[in-house]
């Protein structure tokens, strides 16, 4: 995220200026402030906050870096500089940090849940990010220990149900893809049934996404692939309807990756505030 | 939201192109599809979806307009056109509609709750929107029957705790603001105590935000203002720690507006999908 | 105004470069220069000039700040740095400063005229600004002691004659507005007759713009409102056909604000030049 | 001027939307309107107005084209379409047309004055245009029968006083320029004295700008060049302190071009309004 | 490539306008024209040309599509419309088509050479594209039958010599990459020696780039991998110093891909012209 | 070229980030590196490289400036700073430098060839530049000792064959141009025959481009103009089908300028690499 992109977020909030601070706070008045966590979680967005404050000449002391745990009352960042600048940037910085930290916190919770269950399954995001925030949403997932998955449509081949509906069959779709795909790209196929999953695995997919399947269906696919000697040769991703309460059940089926749209499309912000201390 | 801004969301997802569809789907293949609700809620983002599809020559039939109720299985939009175009735009359209519909749905739920309790209190958003999505987030709140509140920092004067900390007192801050504020702007003051609330009301604020107060504290402010003959001359807004479970309690204190950051900073998406039907 | 926006003004003038200076002035040659006033007036645009010069590493000493009076020959800014950079930026800086200073000077002249007449009426700009220069034009008005009025269409409700023509009546228009307007917005109504002015005042407008009325008509409105006990509850703005020669006549009618489009749509530049001193 | 640039002017005025029209005017309501001249002058900006209206599906009938004379009450443009769209675009269109028409009108007045005096001298603009409006300001000058002069710094060589101060002499500056200048560029030199003017003419300048000279000084230069047989080989431009009252005096000195900064830096708008007729 | 990006190319060439055509060609004059090949080759850029012409209302008839062979004199595109528009767009369209066709032609020549030699090796581009033209350059390679390779730095892992120098060894670098790489990304490693190539192949690289090796060295790597049973499990790419005269020698070593920077960094344009036919 | 434009080239290559370096290289690791020439030529793009490296805090030591000769192995630039930053910028910097140096090298070769032949003829580029790279391509030509010719369509009048076809004759076209052209612009005419060349020279063109003529035809034009006493009053430019092998033949015909499209449309990159030295 370049400073130009962060500035566009500030300008969206600013319009022609922070008219309240301009009326109340004399130019040249210096102030100190702290960004304080109001909930327990994983902090993210600290790099972006630092860039924005520094762009306006505000000094920044980082107490908690991206990925650190914070508890209520923890000071994440200390700032010192022109009071008007701190107040002008406040909301934009908090909006960025609260969203990113919320995503990182939820991702980390799932990652830890799986780790504690002794499982070795990755937690991945999807392309269901907030429009315009793909880069920050994916970065927050990574900070939380998750996996970004495809960054964009041009990142890897992912043959979805709509493609298969138009092409006719998983096999035909995979064949067309393999003939022309760039050698630097992987091919993933979305399968909704055992037979589609097998067809994909046998036709050379690198990854098979088992979409909207129940854990027992997934176990069946895994068993079948093991019988065929294909398990381990193709990566298995579970997706659809997975949430914190059933994630362990899915994670113990034998899949390698679990992807969850809600990490980014329904991100719950981590509460923080900026408090002027002088 | 201009088509240029919507296109920037698409380009974020697209990169150099939808390489999967380009490999699998022949240019010129026509398809039909539907956007279907998978949850009950209030739909929003239909205008934006229509603009994006039409920009690529895809015909659009609108079955549910912004603000309509949808139930699982309801077809919101029918599309018909170049298959590649429909698939290319699919995710961006869904990301916009799912976020906006989620915000509209949650806003409407609160608005209805208050209406059913026979109360006349407005539900307002805050500036805690997703960076870059201020316009869409605020529009979704309005579609849900809520109130956008300040669109930006230049929209109205809002004297917050950090301003008061730097200026010294509510009274002094209000005086500075009133002397120089444009005559087209209202002045709102954030009060954290009864005495600040009274000071603000007596010093000419148009709106007093009762921040992080408990319902009983707010009742006390209301009673005090009624005794002074000020109730009704100044608008009262409650903010901080309000959620669906306590919103009625707050709404029955006598405040005129309740603002909630979570409507936009922790929006839960309304689930939808696009299904190719031919 | 961000440096990115100022740079776009420079790039407009620059094209592929200042080919004259590049041919004549060796890279590395240092120079000093001064920006000198050639007319008496109020200076504005100094902050913008400083940002542009500093962006190219030119040192800037400010002798006259935004809002200061200047007389012919007064040095406003002293610069020192790479000769090519000073010459490259010269015209863009002068174009900004001359326009802004011209607006500030004319605004100040009216503000002083009214102050000297012992009247307490505000001088306001309109949205009749040069396209793309809304922010600088409004800032110049403020520097001249004036009032910016609406920054944009989304800043306040202003029901104009064309709205009334389409809606049917002032009363109906005001009622529609009041039902749905955000509580942070004021409502202004344009009235062209005594009866419209009364209708607006009685139907809850915050501000009534008395448009294209003669001073005697305005006095009649004022008297009428006083009789009704409404004077002072609604703000009165006079607009249309007001100029330096009749502004005192309008200002003494009892209105609170006088707005004049010509301040920005027909701004006369304040003459200045940049002179290389070494 | 592309539609994208015109849209940026509209967006500046619009912010998140025309909230007044959105509250008052139902979507789908059609309206007719006219843009009417309120002063006599030369109309300009009609092409830009047409582009903006059409971009929003508003039908446009052009009664007066760029360059036509208009009298008070003349209908320049008739529009018909969605009422909300007409009102949303109104101010931006008028701001463009009023500024451009003002520039065209003033230019035409000078051009006509000179033509009526039986003189053959061109009226030229300078680079003293409003920041961001170079293209529209220059276009308006051309519509008024004037000459755009340099579009940007990269358009031709113009050796000014500051260059000469840094280089040492007109002759040395011209020599450096001629050695390296592109063969597609002309070279103009600013002269403040007779001797500088002669030095420039004799050293191969294509154009000599006689800057801040009185008419009698210019006559002296002309006579001197005639004596040397140089008159007619080099183009003579008078600049500095020229205005409508002395322009004929300057135009009759023998110069070929007269350039005036005030045409664009102090443009007086031509008054117009948009009136809804249904 | 969106129309907005193509327009930015036109605006670069246009500045304030096509002043020659504006002086000579009356508005409204219609013309026909053809884009004609002046060399034999593979045509590309037709889609982009079509978008630009249509954006200005010029009708387009396509005689040769992207990827078609053209011979000198062949009409690729016929256009008909406003003469000024055709002339304004001419150079930008030709610059795009000539570069893209040049790249496609050279790519196709290599692809055909290899096909005729009975070999099954892919021809790939690199990231050595003209700045700002990545998308068009890669598209031209694909049109020519080549392989785009990485679109950007975020497209796949490619561990290069500079990475290895900083990390210490191929093995260590590969291990770091494999631990954290997203499961949708492939890993490629640049090897400059036999031992690096083996280390990469044995440590789990998906692709090994044999950089700046001679054909005999590459044969040695291939033989070694065959002996180890690794050949075919890892993709082999030859790069560095390969050109039309030695490409067959490289292609017959057993590598799967040959990448060549010169396809895009030293693209030779295919000559074409636009001729007005009426 | 502003840093904003250079950053857009980097962002094109970067996408969401240099994922390889981010995986392998620890934040904070410092490195040194050198940009080394791998071919003999004229270096260009050094200023642009310096701007990009410095933008990321990388220290730069310049050993060879724009226009200097380099030999294989010569260190052009030494860099020192954050390893991740150096690697992230590497390819973009090299793509800029290699293209610009290739253009400068080829231009210089022609310029030297002509100088050594004792001729005084300028080598000029055309508008056949890579889309989006007009400024850099023209700058590289200048660094190589060449002449940029028209920067854009608005830079000078150039009446081409298509204009003449539409207008009817060279004479008529020239007359239209001369009547309305700005006095700061030169007029060039493209002539394909002796008679067109004479018509242009006699009708007041500043420059005549002898297009697609053979050297003997050009000699004939020169002789004819000499006979008429016009040679030297109009500048002669030869264009079309000129290359290194016949350039001397053309240069000795008596023309003043030779323009060659291939300098920029078929630029061959000068090979360079960036090597990490620690």
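A, B, C, D, E and F are the chain letters, set down in written order, and residue numbers restart from 1 in every chain.
Going forward, a residue touches a chain if its C-beta (ideal position, glycine included) is under 8 Å from a C-beta of that chain, and two chains touch if they have at least 3 such contacts.
These figures come from a predicted structure and were not determined experimentally.
Student: Give me the set of chains touching subunit D intersected with the set touching subunit F.
Tutor: Shared contacts of subunit D and subunit F: C, E.
Student: Identify the chain pair with more contacting C-beta pairs: E-F or B-E.
Tutor: Taking the two pairs in turn, the one with more contacts turns out to be E-F.
Student: Could you work out which pair in A-E, D-F or B-E copies the interface of B-D, where over half of the contact pairs coincide by residue number?
Tutor: B-E
Student: So the centre of each chain is just the mean of its C-alpha atoms; given that, what is the distance between subunit A and subunit B in Å?
Tutor: It comes to 23 Å between the two C-alpha centres.
Student: Determine the centre-to-centre distance between subunit A and subunit C, using the mean Cα coordinates as centres, and give it in whole Å.
Tutor: It comes to 45 Å between the two C-alpha centres.
Student: Scan subunit A for residues touching two or more other chains and write them down.
Tutor: 4, 15-16, 134, 151-152, 154-155, 182, 185
Student: Let me make sure I understand the interfaces: which chain pairs count as touching?
Tutor: Here the touching pairs of chains are A-B, A-C, A-E, A-F, B-C, B-D, B-E, C-D, C-F, D-E, D-F, E-F.
Student: Spell out the part of subunit D that touches subunit F in their complex, as residue ranges.
Tutor: 122, 124, 147-151, 154-156, 182-186, 188, 207, 235, 237, 256-257
Student: Applying the document's contact rule, which stretches of subunit F touch subunit E when the two form their complex?
Tutor: Against subunit E, the touching part of subunit F is residues 8-9, 12-21, 23-25, 29, 31, 33, 83, 87-88, 90-92, 94-96, 98-99, 102, 127-134, 136, 151-155, 157-163, 165-167, 173, 176-177, 180-182, 185, 261-262, 265-269, 274-276.
Student: In their complex, what parts of subunit C are in touch with subunit A?
Tutor: 2, 4, 134-135, 138, 151-152
Student: Give every residue of subunit C touching subunit F within the complex, in rising order.
Tutor: Going through subunit C, the ones touching subunit F are 4, 7, 11, 15-16.
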